[in-house]
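Below are structures written as structure tokens.
Across the two complexes that follow, chain A remains constant while its partner is chain B and subsequently chain C.
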Partner chain A sequence: MGVLDCSNLNVRFKTEQGDLHVVRDFSLNLEKGECVGVVGESGSGKSQTFMAMLGLLTDNGQATGSVKLDGQEILNAPRALLNQVRGNRIGMIFQDPMSSLTPFLKVGEQMCEGLVHHQGLSTAQARARALETLELVRIPDAKRRFNQYPHELSGGMKQRVMIAQALMCKPAVLVADEPTTALDVTVQAQILEILEGLKSHTDTAIVMITHDLGVVAGICDRVLVMYAGRVVEEGPADNIFHHTHHPYTQGLLRSVPSFDLDPSQPLAAIPGQPPAPFALPSGCAFSPRCQYVSDACGQALPVLTQRGPQHRAACVREALS
Partner chain B sequence: MAAYILRRLLIAIPTILLIVVLSFLIITAAPGGPFDGQEGGDIDPEILANLRAAYNLDKPITTQLFLYMKGLVTGDLGPSFIFRGRSVSEIIARGFPVSAQLGLSAIGVGLIFGMLLGVYAAMRKNTAADYAVMSLSMTGIAVPTFVTAPFLALVFGLYLKLLPIAGWGDGALRNMILPVVALALPKIGILARITRGAMLEVSRANHIRTARSKGLPESIVITRHTLRAALIPIVSYLGPAIAGVMTGSVIIEQIFGLPGIGRSFVEGALNRDYPVVMGITILYATMIIVLNLITDLVYRLLDPRIKDN
Partner chain C sequence: MSAELLDIADLRVTFPVRTGGILIPDYTPLMAVNGVSLTLGAGETLGIVGESGCGKSTLARAVLQLVKSDQGRVVWMGRDLVTLSPQEMDAARDQLQVVFQDPLSSHNPRMTVGRIIGEPLTVFKPDLSEADVDVAVKKIMSDVGLSELYFTRYPHELSGGQCQRVSIARALIAQPKLLVCDEPVSALDVSTQAQIVNLIKKVQADYGLAVIFISHDLSVVRYVCQRIAVMYLGRVVEVGTRDALFHNPQHPYTRALIASVPQPDPRAKRNRLKQLISGELPSPLNPPSGCAFHKRCPKASPHCIKTLPVLEGDTLTQAVACFHPGDQAVPQQ
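On to the complex of A and B.
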């Protein structure tokens, strides 16, 4: 059994348009030290899945299913138990480093407060740990940065501080929600390098939530592809990239720009829009956008079936040819 | 920082000059004069002419303004036209401490209860408790002080005989309670609403999500990460509100028979006692300017991103 075991997680939001069922039957068994990529378009439910696990849904959100951390159920746990998990056992990094740090507290103050709270360290001990962690995420001149306010740091620096802050308590799991989306390309590469270093030097398991398959290719061992709230394909990263079994995954892969493409040709794109969660098509949710669509697609919801070792996909077709 | 304060104070000088000129022109342009229609019928024309000459009212308005400004530079606010033998400075020195003490106490009470209620309502957002607090504060804002003040005096002074109905008693706590409560009620309402709104606004920010994701208990999320940002709209409201409440409330002073400055101001305006009106206007303007400066300095304490500009 892995460090984080999630089964049949469903997330619903009560809204004026009715109940939105945004995550459907999500299951994931995360092993110690592995890096799993969760891929999908905006609105596919990938962020809400992990917000739900940590009890960070907005007030109108509701989660059902089971999430076990080291065998202990944490889904919908009381706030006191969740507080012991958040930041301490599961660290989290968010998409927008510009607004994710408290603007009026010094970098060091916000980094240390979690550690002091969770592990009862003295301020001096926490400070030593913070400086050590800032160096781990390759922040030069850590002592000076420690006493600065977030607005005095660049975007890349802020994201490194976010990572360092999430690592302060040496968590078992690090959830990185689009950690590179708001950053420019060279900084993205530096952030990914830090996360890769973390993967090889510690046994922290990493969940990388992203819509960027390039990010996944560089760092992830395993990939889950989500569409309209469901996992449609999952498997080892190599298989996903080279033995794709779901048309949606294939569409995502084709729409990644690369240097080998003919610049005079338009970049491939998946036609249409993802469906709204309150108006899902019957059967396979991807069928209206799928180039391989057949009559069978609209009749029943395809379930995840075995396609290779640890490789599963939810498509009525046996293989893509 | 010191340079910034100095610059702001220098900019304040022309502002005050402009306020002096404008209010002098407006008050003297109002029909009537200080010696019209006093008790005992009309004054003998000869005496009136002497009076007008004694206070320079017979001179052209520009000369009057010049003479007033000349006095102002040396700190002389002139004599009262109506209360003969008393200078405007004396009237302010006597009434202002009373109004200031009342006003500051009311703001203090308003701040404590308003913020507590606002934070509580924000934490219980969209529940019965929230709606109850918000309706109560709306009531506090909507019911005017000339209703609440006599009501309080009636209940606690006349029926229950717990507190004096009126009078200042040299600022004894017993005498302060009712007027302070009457003044504070609308402030509590306004501050509760501002606090609730600001707390809810800030609690949607990404950095609050980060604070929660760090496993901090809600009490720390609120006190350390939310409240400080929510203080900014509260401070914006407090600056002018303090200036307003310290320069006196006619209604409260009238109902509770308090020797504050608010009454002097209104009586001065009705009697065309130009120097009294001018003196209190200048006091009010100066306080607004100083409090705005303090507000801006507090902003910088609350949010390190705010810099000189």
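On to the complex of A and C.
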């Protein structure tokens, strides 16, 4: 059994427009040391899935299903238990490094806080671990940075501090929500290299939430593609990119203006936009935008079926031609 | 060259940055754009790439006279825009239009889509009747793929991609000759990004526009632009045609930028790591001596630390500002 076992997670929000069902039957079994990418457009439910697991939904949100961390149920668990999990056994890196650090605390102070709180280390021990971790994420001159405030650091530096902070307690799972979206491409490459290094140095499992397929390809072993709250395809990264089974995954891949495309041809964009969560089409939610749509698509919701070893897709078609 | 539509020569933009205390104020000049010379022909697409803070947006704003330059010329169809009076400049703006990065905040939230798109016409052609403006707006809306249903909607009712279509429609309605796109797709999801990239390419061809396309995303720039300029700390370090730049990049920074773009193919992932650069853009308040890139450059020699390389070559085909371009080994000293 994996380190994080999530089955049939559903997330709903009560709003003025009615109940929004934003995550539907999400299941994921995360193994030790594995890196899983969760890909989808804004509004596909990829972030809310993990916010729900960590008990971070807004007040009008409700999660059902089961999330087990090392066999222990954490979904809707009491706050005392969640406080021991968050930042300790599950680390989280958020998208915006500028607004995720406390501006009034020195970098070192906010890094050590969690360690002292969760693991009862002395300040000196925590400091030693913090310096070690800052070096792990390749912050030059770590001792000086330790005593600086976040505003003295550049965006890439702050994101490194965020990663270091999330790693302080040596978590079993690291959830990285769009960790490189706010960064320049050169700095993004550096951050991805650090995360790649983590995979080989520690047995922390990494979940990478992103809309950038390039980021996923570089680092993830396994990929889940989400559309309108559901996983529509999942499998080993190589299969997702080279033996694509879902038309949405194919559309996403073709939308990327990668270097081997001929720029004189238009990009094969997916027409239209994702549906609003309170007005989902019947049957397959992707059918109104799908180039392979048939009568069968509107009738019943396609379920995930086996397409290869560990590779599943939810589409009525057997294969893409 | 006088045949060019736009001729930017030795353009420099500095911002005074307060570095002193409250009692003893002191200002240090920040050279956002430092001696940039570029040309643009009619119907040509020029890409400008670089990391945040390299001055690419400031360059575009200086071309449009949205920030003051303190040196250099921006010659637009034979007239130096820098020397125009504000009134003359306003009259010339119908030919120079712009699309900004943030799709939502670049629209007035209290105006309908129809009015937003029509506003440039009411400014530049005040004698047009309201009905004529509406006809023109509807025509341009269909050109950019916006349904007429949106005519009476407000910006908050639109998605990011639709907002960006509105921005493009608003820019095109005055029938400009130059369209400046400042990171037009950075805030969009990948599938919407592809739609907008296709749209920009389509209107560029349909309207015969010259385009300055600013982006930090090299793969998008490669898709849209015929010629690309790479900026680093306020200067152009390499400029050339798309093929020259991508098949035969000369500047180590260009090479690093290209190598940094994550490609959506797990099999291709790790053969390019050796080209990556470390560190981040230095502070433009305190730029390094000589070649500004030398602190991050794998090929930096003592010469690079002392002397500033100038752009050499034909900017229409390929020009580079580097002492050790291409695969050339660094001489041992």
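Everything below uses one rule, namely that the second predicted complex is superposed on the first by the 321 of 321 C-alpha atoms of A that agree within 3 Å, B and C clash if a C-alpha of one lies under 4 Å from a C-alpha of the other, contacts with A are read in each partner's own complex, and residues count from 1 in each chain.
The rule is simple: a contact is a pair of C-beta atoms (placed from the backbone, for glycine too) under 8 Å apart; a residue touches a chain by one contact, two chains touch by 3 or more.
If you're wondering where the values come from, they're calculated on a predicted model, not measured in any experiment.
*Asks:* For A:Gly218, decide between first (touching chain B), second (touching chain C), both and neither.
*Replies:* Only chain C; A:Gly218 stays clear of chain B.
*Asks:* With the two complexes superposed on chain A, say which partner A:Pro266 touches: chain B (first), chain C (second), both, or neither.
*Replies:* A:Pro266 contacts chain C only, not chain B.
*Asks:* Looking only at chain A, is it chain B or chain C that touches more of its residues?
*Replies:* C
*Asks:* For A:Glu113, decide between first (touching chain B), second (touching chain C), both and neither.
*Replies:* So A:Glu113 only meets chain B here.
*Asks:* Is A:Gly156 touching the first partner chain B, the second partner chain C, both, or neither of them?
*Replies:* second
*Asks:* Once chain A of both complexes is superposed, is A:Ser122 in touch with chain B (first), chain C (second), both, or neither?
*Replies:* A:Ser122 sits against neither chain B nor chain C.
*Asks:* Now for A:Ser200: first (chain B), second (chain C), both, or neither, which partner does it touch?
*Replies:* In the superposition, A:Ser200 touches no partner, neither chain B nor chain C.
*Asks:* For chain A, which residues count as touching chain B in their complex?
*Replies:* Touch list, chain A to chain B: 54, 56, 59, 79-80, 82-88, 92, 94, 96, 99-105, 113-114, 117-118, 149, 151, 162, 165.
*Asks:* Mind pulling up the chain A residues that touch chain C in the complex?
*Replies:* My answer: residues 41-42, 154-157, 184-190, 192-193, 211-220, 237-238, 241-242, 251-259, 261, 263, 266-271, 273.
*Asks:* Using the touch definition up top, name the residues of chain C that touch chain A in the complex.
*Replies:* On the chain C side, the touching residues are 51-52, 159, 161-162, 189-195, 197-198, 201-202, 216-220, 222-224, 242, 246, 256-270, 273, 276-278, 280-281.
*Asks:* What residues of chain B sit close enough to touch chain A in their complex?
*Replies:* 125, 205-207, 209-218, 220, 224-225, 228-229, 302-305
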